[in-house]
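Structure record follows, encoded as structure tokens.
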Amino acid sequence: MGELAAFIILACVTLIPAVVVVTSGNIVRSALSLIPTFLGVTGLYILLHAEFVAGIQILIYAGAITVLILFVIMLTAGGTGTRIRQVNEQVPLGAMAAVWLGFLILLVIFRTRWPYTATPAPQYNVASIGTAFLTDYVLIFEVTSLVLLVSLIGAIIVARREE
Amino acid sequence: MHVGLTHYLVVSTILFCIGLYGVLTRRNAVAILMGIELMLNASNINLVAFNRYLAPGAVGGQTFALVIITLAACEAAVGLALVMAAYRSLETIHVDEINVMKW
Amino acid sequence: MSGILSLIIFLPLLGGLIILFIPKSADRVMKQIALVASIVSLLLSLVLAAQFSRGGGMQFEERYSWIPSIGVNYYLAVDGLSLPLIVLTAVLSVLSVIYSWRIDVRLKEYLFLFLLLETGMLGVFAALDFFLFYVFWEITLVPMYFLIGIWGGPRREYAAIKFFLFTLVGSLAMLLAILIMYFNAEPHTFSMLELIRQQPLADTPLLAALAFWGFFLSFAIKVPMWPFHTWLPDAHVEAPTAASVILAGVLLKMGTYGFLRISLPMLPETFKAYAFFIAVLALLGIVYGALVAMAQTDLKKLVAYSSVNHMGYVMLGTAAAAGAVGDPSKAAAAATALNGAVFEMIAHGVITGALFFVVGVIYDYRAHTRGVDEFGGLGAKLPVYTGITTIAMLASLGLPGLMGFVAEFLVFLGSFGVFPYLTAVAVTGVIFTAAMFLWTIQRIFLGAPNPRWATLPDMDAREKLTLVPLAVLMIVFGLFPKPLLDVINAAMTSLVTALR
Amino acid sequence: MNPADLWSIVPELWLTGLAIFLLLVDLFTARKTVVGVVAVIGLLLSIIPTGVLLGQDPRTILAGTYAVDGFAVFFKILTVIATALVTLAAMDWLPGRTQYEGEFYALLVFTAVALILMAASTDIILLALSVEFVSLTSYVLAGYLKGNVKSNEAGVKYFLFGATASAVMLFGFSILYGLTGTTNLYEIARRVSDAPLQALSLSVALMLTGFGFKISMVPFHQWTPDVYEGAPTPVAAYLSVASKAAGFAALVRLLMVVVDPRQLNWVPLLAILAAVSMTLGNLLALPQRNIKRMLAYSSISHAGFLLIGVVAFRGDFGTPGLLIYLLGYTFTQLGAFFVAALIGRQLGTDDIPDYAGLSRRAPVSALLMAVFMLSLTGLPPTSVFVGKFYVLAGAIDNGLLWLAIVGVVNSIISLYYYAGVIRAMYIMPAPSTVPLEEPAALQVALGIAGLGTLIIGLYPQPIIDLARSAVLLLRI
Amino acid sequence: MLQYAWVIPVLPFIGFWWIIFAGRRAPGQGAYVAIGAMLGAALLSVAAFIEVLRGARYDASVVWATVLNRPIEVGYQVDPLTSVMLLVVTVVGSLIFIYSIGYMQGDLRYPRFFAYMSLFASSMLLLVLGNNFLTLYAGWELVGLCSYLLIGFWFERPAAARASMKAFVTTRVGDLFMFLGILLIFLQLGTLNFNEIFSGVETGRLAGGLLTLAAVLVFGGAVGKSAQVPLHVWLPDAMEGPTPVSALIHAATMVAAGVYLVARAYPLFFGTPGHEALTVVAYIGGITAIMAATIGVVQDDIKRVMAYSTISQLGYMMMGLGVLGFTAGVFHLMTHAFFKALLFLAAGSVIHAMHTNDIKQMGGLAKIMPITYVTMVIGALALAGIPPFAGFWSKDEILLEAYHYDQVLYALGAAGAFLTAFYIFRMIIYTFTGSLRSHPAHPHESPRVMTVPLVILAFFSTVIGLAGAPWWDNPFHHFVRFEGAEGAAFDFEFALRSTAIAGLGVLSALVVYHWRLVSAASLRRAFGPLYIAVVHKYYWDELYQYAVIRPVVWAARRLRTFDVYVVDGAVNAIGVVFVWFSRLYRVFDLYVVDGVVNLVAWTAKTMGGVLRYGQTGRPQNYLLIIALGVIALVVVGVIR
């Protein structure tokens, strides 16, 4: 029962700020609302016994990405005014599309009999993930590092001011 | 009532659609990026939940989620860099004004 | 003698490639190379004709594997149907090069494209592998597009793209038909002879009909049959003279050649089913072409429409032969019609080629107008020109003793046995044609001399060199068609025998 | 991990090393052309280890995450060729437009690595990762000219579309994972056979978005013209060829390996999308005056054509046809873009009417451009003709005659705008007869593209053999 | 030596090419070449004639083309009919050639004239010699071509140019029917050889209605070529050509080719059920004879009188053949060739002297041009049918046959005979008696080169008829005959009646025009409406005009663009119809057939234009479409 309560709370913590993110007229408020959302998701991970993922989530999302976004908002003077219209003219259409897609996906999810394997909650640890990364997923690991490197270079090239 | 896979899937779906709505309706490029981040988070919830409920013996889903988190960071970095560059020459980050080319 | 066909086909291209590397200033050298390339090709084709054994079926075969994984071969050979067309192509190409001697705008490109075109045309007539055939078929499109587009008249862009689009529609339809044939053959093959032997679509009428209409669209546009003919007047009018000659003299024959080489032997039953319909279209072409030609005031358009008329005869003969498929009692009529059709192809090539040269002579270098009504009384000033024009026009209207008559006579003789009523109506086309050409002669050459043209010179030596050979051909084969007809007949006999 | 596996990824390692080496070289030289030359040499050298893989038995390595098969090798070769050519073209196009010329080559090589990974991934994590890798470098490359408004716009737009599409795709991947509980493609293939159909459909549909975006398939095509127009011309060329090819590679691998059409019949859907892509792309290309936009729309149309090859997977024609088409299209499309780059460089314009008189001013380039245009139309004897021939044959072989007819009709429509370029170059009067300078590297790239176009057209047998073996080896 | 008969047409053919290439450098500027060739041909013809008289026949074929394994043969034959024709063509031809030296003297295209004439002779001989329809048709078309070239010889004159085209096209209408007839015969019998066809008719492989159809179709060619009603309109206009041309082609030989055709293909006509094809021939001939004769009465142009006379006499020949008088018809063909050539050449002599064709402007030429006068009177007597001149024997025979066959035809023929005598003497009187009415003219007798042929022809016109006279057992009848159509024996009483009719005609002419006992004007009044009809040539030209041209002109006024062509194109009725139709077709061509194609192109372009509004350039519009695409895909995936 406690699990359900925790889940509902976490879901609300995730979803309600998410709505704010996409609807708020103030871009800074949107960006700040990302943080509870990410934290909510982190909670869900913990609920799912994925502590390592949860940790990374906090580090990267709540930490790095949100800060980065706020930085850019400040740099581009996006946070100065709330008078600027933040949404475009296709709100009804966009809402409709989102609702329809959600409806369809939910429909499928409910109709599908997922191949449950009713096992007790496994205990994942950082070690098993680390092992996976260095054995089965070694290529993925290496490529990920390459992606990080290249993104870094790319971002620097693009963001640097042309002399 | 027990918390099951479907619960997580519902949350992730809703989160995905909220993100999508943001992507479709926000004028600010950074705000669109936020929507995309929400969508990516939805995928991650899915992956972790599936991993937990359907393939508890392996860590494929979690690994995938970790990769996606990394990718999200990269995307944010590159994307925001591009937005910055565009802002310098176009002096706007509203995508419907970034519109020199059409047809 | 193996390799001679390849040599004939690719010598012009070789010449063209050499020309590409010659400095722009050496235009005389370029012309000479073009001339030599085409003349050698002609001579070799004459050697081919001399060595050709009548009734020997496919000869001078060359067969090399090209794309073995799908069974595409480089497969060339000639029979009595293709040999005359190859020689005709070579002859007209040489004459066109001679005629084009005075071209000075972008000469290098002109000659290259011209020789490329020659290679394509020769290849179409010699290829016996569908893939190869298609490749050559398409190769002819591009140079012609450029020739019309660059060296053409005022509306050349429109005419060129129209030509290109029309014929591309056709050739892609053909591509689909070829693929249908290919996949229904067992084993899959692109060899035309093998497909003729297999008759892969004999048991699937629907597919056969699809393939047939695919081929039909392609060939009918090329011929051109009514109502696909509207590209022709535009293309002809705008094209430079030599291109008009090649277009009318050879390119149109590719369509009828396709009907005879592909549609008829590969899909005989299907062709038979639609033979009457096609004969009606041919008939429309005959009558319509002549009537529309009569209304023209532009000499080139007039000749162009007369081509529609004449190709109608070819198609009438072909359709008649198709209508006689499977009926041994009509085999003789079918053979007659086919002989006539093929002879008409050659005759039309020679005659209409000459007519376009004739138009060019007056338009390109003399009057700079093609308005039939603007002339008058030229007969007194330009006797040689008048004489040759008259011979060509008389040959075109089917005067006995000239080439056109033999062809029309045989076509009518044969098709009357299959479609008597249609043929009876078609014969009226002869009158229309006669009236049209005579009226043209009257307006251009007869009547009081128009003072505006008082200083026009008669044909010079080079122009005579281009036109006299054609006139001689018209008369010689008009009087003694047998040598040519024997070659054709051998092929047509085996065709008709196969269809029976 | 088997150490022998490392020998199988020598090309990838070599290229990664090359890219890093380029970054280093860039630090120590002021003449950026040197970097380009090194890049080209390095790329060409990578053909050697790739060729060694050619004869090897198909297998997966590194715990089943990576395929070493003919299919992968084919795309390695294609990618390397395309990258080398684009690098050559960029060496003449870039100078003076950006200060980060050396990094440009490095990024190109990184992209090549990513594309190669994408074509060879047999694990959905790696697949997603490499798709993103490609995207990330592509965004940067598209927005590379920071002073250029159009390039900025192209970068931002490409990023927004790409990120959205991949977010959707990743959601699809997550569902696929949920259905099977594994990330390995071959494992998925085994387990998916009794997966619930609707969920599978959902995941395929969502994944299709990502790949559809990469190959610019309708309705995920609309970024194409804006990005191609705005991006640096060599990048546009690269995107239209290599990125598209890798997208197809991944799509084919996914569909072929995972989704059995007997279980989930994706054939009609993709056939319709192919038809719509061809038609829409063509119709939109008709009124274009900007050569890059025109090529962009036409690339949508070609994506439709290529989809025929995906759809017509039964028999010996469709899938090999796709590969042949891709390779032929690579040469031709690159060539066309290179000419556009040349003109853009020399005349500062991308408008087709400004090509007037090119046949006099730059005869070789004009001739090659004419060949490319005719090839794109699908006239023999050119490379795209062979490709079209193959995919049309495949369509007919698979009983999709209607699709073949749509393809044919679209070829005809396409002639109209391709011929428009030829018309401008050859028929329209030249405003000036001053000869254009035709820079060396670009000229070499152009020549190779032209030769490739013609040689494949004239003697396609080796390519066909390669493509067939690639396809045979696909299903390990 | 009959196997060398093929040389006969070849000689003038060589002459043709020689003159064409040598031009004025040829001997006698071409005249000697032509005459030499023609005389050679004449000699050979005479030799052949003698051989045939002795009973020799010849028939040989060579393969012209092989189709399947069936040869199509061409060849030639020499039989009495052929030999007679050869003789007529070469002898008359030679004389006319010689005459032309004088007549054409100083013409701009003097060599060309002889070239064309040689080509004509060659073609005509080919036509005559052929033993099959192919050769005949070839010769048939070639003489038509020569006729075209020669009528339009003075093509600077628009009237000549128009007339030449009218002649060619009108006769080609007839040829079309003939060609169809040939096709029909070939379809049924598989051969074009005359003898094989005839044996096919005999054995009944071609019989009944089909045979009649074939025969009538073939006769269509003869109608055109021999200027029978209703295709006769071209011949009067053809007089625009030089007079020797009129004499040779449009009087003596080519126009008789139609008669020759019927005679040659006689078994075809004869074999029809109840000779119905022959009845058609006879009535067409009879109507033509009387109609042309009446028109001849009112013509003032000397050559037109002669032209209508020719039409009328050709009608007689047809009638003769039609009423089973095979011999009579051919006989008249022969005699007519001589005396009509004579008349034309004499008329040419007059024209040469007067430089006008109008007999009302002439007069009193008898004293100035005695040779011309005498020879022309001989010709007139022969035409009128006064014994013993040539025309009497043949015409009398035709009337006799008609009398025995069909009284109506006889009545037509007899009336025609009266009128013939009347109009020809009307012309003689106008031309030669009284005093010169055109003062500026300075007439003179023609040179020897022209008068000698006149005299020779006059001689023939006098004596040639005796070949068919009842004395000496009527040799012509034994020579040229057809089993089953032998004809009646000479009837002295009937001959007297014919002579009386002709004499009456001559007398009437004298009464009206010489002695002027009855004024021409009162006659005109007396005949009132008939006179008006005759003056207007029975409105044939008007019929073609009104039936077609008027509506066309009306339409043309509406559609001004067409104006030029219709006015200009009112060359003749047929031409105008064609032009009108073809204009319509052209419009159809431009706006309908072409329009469809352009419409497709336009639609494609427009659609492209419309579609690109979907291409707003605004990213989120695109993103929305992506989203909608995803939804669509999912729907498709889920709802299946």
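Order of writing sets the labels: A, B, C, D and E. Residues in every chain begin at 1.
Here is the rule we use: a residue touches a chain if its C-beta (ideal position, glycine included) is under 8 Å from a C-beta of that chain, and two chains touch if they have at least 3 such contacts.
Treat the numbers as computed from the prediction; the structure is a model and nothing was measured.
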{"item": "Chain D reached from chain B - shortest hop count over touching chains", "value": "1"}
{"item": "Given chain A and chain C, the chains that contact each of them", "value": "D, E"}
{"item": "Chain pair, D-E or A-B, that carries the greater number of C-beta contacts", "value": "A-B"}
{"item": "Most widely separated chain from chain D, with each centre as the mean of CA atoms", "value": "E"}
{"item": "Per-chain Cα centre nearest the global Cα centre, belonging to chain", "value": "C"}
{"item": "Identity of the chain that, by mean CA position, is farthest from chain B", "value": "E"}
{"item": "Distance between chain centroids, defined by C-alpha means - chain A, chain E (Å)", "value": "103"}
{"item": "Chain centre separation (chain A, chain D; CA means) in Å", "value": "31"}
{"item": "Chain C-chain E separation of Cα centroids, rounded to whole Å", "value": "36"}
{"item": "Between chain C and chain B, distance of the C-alpha-averaged centres to the nearest whole Å", "value": "65"}
{"item": "Residues of chain A whose C-beta touches two or more other chains", "value": "88, 90, 93-94, 97-98, 101, 104-105, 108-109, 114-115, 137, 140, 144, 147, 151, 154-155, 158"}
{"item": "Set of chain D residues in contact with two or more other chains", "value": "125, 129, 132, 136, 139-140, 143, 146-147, 155-157, 160, 164, 168, 178, 181, 198, 201-202, 225-226, 287, 416"}
{"item": "Of all residues in chain E, the ones touching two or more other chains", "value": "601, 612, 615, 617, 619-621, 623-624, 627-628, 630, 634, 638"}
{"item": "Which pairs of chains touch, using the document's own definition", "value": "A-B, A-D, A-E, B-D, B-E, C-D, C-E, D-E"}
{"item": "Of chain D, residues touching chain B in the complex", "value": "124-125, 128-129, 132, 136, 139-140, 143, 146-150, 152-157, 159-160, 163-164, 167-168, 170-171, 173-175, 177-178, 181-183, 225-226, 229-230, 287-288, 293"}
{"item": "Chain B to chain E touching residues, read off their complex", "value": "20, 23-25, 27, 32, 95-96, 98-103"}
{"item": "Of chain E, residues touching chain A in the complex", "value": "620-621, 624, 627-628, 630-631, 634-635, 638"}
{"item": "Chain E residues touching chain D - in the complex, by the definition given at the top", "value": "601, 604-605, 607-609, 611-612, 614-615, 617, 619, 621-623, 625-626, 628-630, 632-634, 636-638, 640"}
{"item": "Parts of chain A lying in touch with chain B, wherever the complex brings them together", "value": "1, 3-4, 7, 11, 14-15, 18-19, 21-22, 27, 30-31, 34, 37-38, 41, 44-45, 47-50, 52-53, 56-57, 60-61, 64-65, 68-69, 71-73, 75-76, 78, 84-88, 90-91, 93-95, 97-99, 101-102, 105-106, 109-110, 114-117, 119, 121-122, 124, 128-129, 132-133, 137, 140, 144, 147-148, 151-152, 154-156, 158-159, 161"}
